[in-house]
């Protein structure tokens, strides 16, 4: 189905308490801040959040964290928000830390029908503890599982009215991967343009990955 | 059988298979009878065609003077580009397929088993050096609609208790459309949901070695092209 | 290093007999025909060729096959050239047949530092014979290894003078994946444009994957 | 130590690390001292900078009035775009890193072992909830150049027989540059290739618990900023 248009508030009706959510962005760049703010305003809770960072103190996903709605965080660099460390030490959230390349590859695998893959990254380190390791051609690799989500909240630059997406500079980051790896993809865009106006060679996310468009 | 008769049967199957699609579906059409499906999509439906060599929003065959050898479908036939099209590499294209992002595929068959196994790429005793994208398509698409003649050209059955040809995938077929009937598959069971008015259940069973149940709401459909 | 410019003939000096070569294209679309023709004119031989097809009779890689220079072919659909079947039955070439999605994923893995991955495709079929199978969450998957090559011969539409590439319609196909998966990448392009003239958001192959540019 | 002295030492290390790069290299610069390396690349060299959040051909910091919050490097600092730049998603960016397509990375360290192990992301007994891209970078880059002070701020050794902090990667370091010396690593062995003229080999050994060999062609280098 081509994407449908909703307001940020309406889009929240597709999310359930207990969902696994992916949220795009690196630092605060490429984070769908309007969608995150709309989510904070709901009374939905108990989320597993898959995101590179959990915002910064009181910003972006930091708000969701501070209102106690994140049960588990899966990502690579929570150091940008010391509140994550505090919540973790108080036993308020579970944390799963992955090397960033493993995180990306697991997102892509989740969207690509690949249940698991081997990576050299983290072999022989603490982050591979408890994970299956295997030698190919004399080198050690770690078996990593795909990441999938019920809903992804992502940020793109422009969409056409079918839902094809293009991004803006380094705000692209994890967003195209998350669009692939979730059952439902909600996209905050700067602008919606008529179909036929984006260059077909330059579309990064084909519209089949996109369900809901929200203008930010 | 005359060629004209054969063409009528193929179109009859394609017309019925098209009814299995839903408005808005993202669809990949395989080679053979499935390529005809595009002619029978209801005009008020928006169907979005994907081709595994790297494109979404495939348009109809171009006029001979606007053929572009670098704008082709997976059957290497010239196609055109609809507004809202996108191009991607084959890796992304198969992420789409294997990752479950196609709503449906319509695909041909050499054999289908009562469990929903499909054989479509190889014949025992013949060297077959081509498999292409069929296996990924069938494993990945949300609904696998097989569109095929009920029997082989030689009049042998294709719908069997189990496939005797090498498999394309196990238990992935959801719907089977032939010129005589429509079957649904669920949890390894095959169920007749529609039969052509031109034949009896006994006649159908006689040409269908596979074991199947009959849906309580069995439809009898007029398939004039298939009367023989 | 940014890409260097060579003629097709000069570019062949980077290839050795016995090399594993990747060659782009689906059918004859996106095949670097000028490079393949230049290769046919050398006296290099004994290649393992990784390519979706081996051309058509007497065209593209079909010429290399007919002059007896292909030792092994790895691909998905050799049916487009009956000469492959003949050579195979005469014991003149080895053939490794992969489902097309597995082929693509193995190319991407080869370029991405992933030695092996699991795929649902071909599980329970003849093409998985002899391969390790494993169950995740109740479904069977096949372990597949990455594909890598010494040299890839690919076709792109435009390059800038650093070697950034864009492609043309469905001629893109396997080319960007092969550029990633080989030690040396030789690209046949329609046109070379000054750096700064391609849209940075629309570059498909960043120049770090490209070694040699040949205008076709 | 004064802040000015510390800054001089950091720049001294960055200047020497820059000499390890080769014209045309594709390079990723890690956070800390490595970000200073860009200031010391010979002007006739073309170095192509990659940042793991998805860009090649990273340009220098923009003037304050042309900062774009969506054009940042992996340290979340504003950057600019050089002609010939390209953007890609994080998946492609880490394919580049892990796939061996970077010629070199310059990266900081908490500890380096004599076997070439690197510890750079965590400290025992402290909750560390960030690893980022360091592990992929070190595993994937063709040459791993560690640029670090020889001792910790508290004067404790960082170059050890084996790392006591959690590892970033095992035996991946190729070159180690400090304010006092340059070491090469090969097959689990550490070799001193350059020593500052401001200290003796005995003085160096006293602050370097790691066991290392001395290259027969050992260079003595002037490092005026590091004299103390």
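So that you can tell them apart, the chains are marked A, B, C and D in the order they are listed, and the count of residues begins at 1 in each.
The criterion applied here is as follows: a residue touches a chain if its C-beta (ideal position, glycine included) is under 8 Å from a C-beta of that chain, and two chains touch if they have at least 3 such contacts.
Fair warning: this is a prediction, and the values are worked out from it, not measured in the lab.
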item: Furthest chain, CA centroid comparison against chain D; value: B
item: Of A-D and A-B, pair with higher C-beta contact tally; value: A-D
item: Separation of chain A from chain C, taking each centre as the mean of its C-alpha atoms, in whole Å; value: 32
item: Chain A-chain B separation of Cα centroids, rounded to whole Å; value: 35
item: Rounded Å distance between chain A and chain D, as computed from the means of their C-alpha atoms; value: 30
item: Between chain B and chain D, centroid-to-centroid distance (C-alpha), Å; value: 57
item: Residues within chain A bordering two or more other chains; value: 105, 108, 112-114, 119-121, 167-169, 201, 204
item: Per-residue multi-chain contacts in chain B, two or more chains; value: 81, 87-88, 94, 97-98, 139-140
item: Full enumeration of touching chain pairs; value: A-B, A-C, A-D, B-C, C-D
item: Touching residues (chain side chain B, partner chain C) in the complex; value: 51-55, 68-74, 76, 81, 87-91, 93-94, 97-98, 122, 127-136, 139-140, 166-170
item: Residue numbers on chain B that touch chain A, as the complex places them; value: 24-26, 46, 48, 50, 56-57, 81, 83-88, 92, 94-102, 139-140
item: Parts of chain C lying in touch with chain D, wherever the complex brings them together; value: 1-2, 108, 111-114, 160-162, 164, 180, 195-196, 198, 200-201, 203, 206-209
item: Chain C - residues contacting chain B, complex; value: 26-30, 52, 76-80, 84-85, 88-89, 95, 97-102, 104-105, 107-108, 119-127, 167-177, 204
item: In the complex, chain A residues that touch chain C; value: 105, 109, 112-121, 136-137, 139, 141, 145, 166-169, 199, 201-202, 204
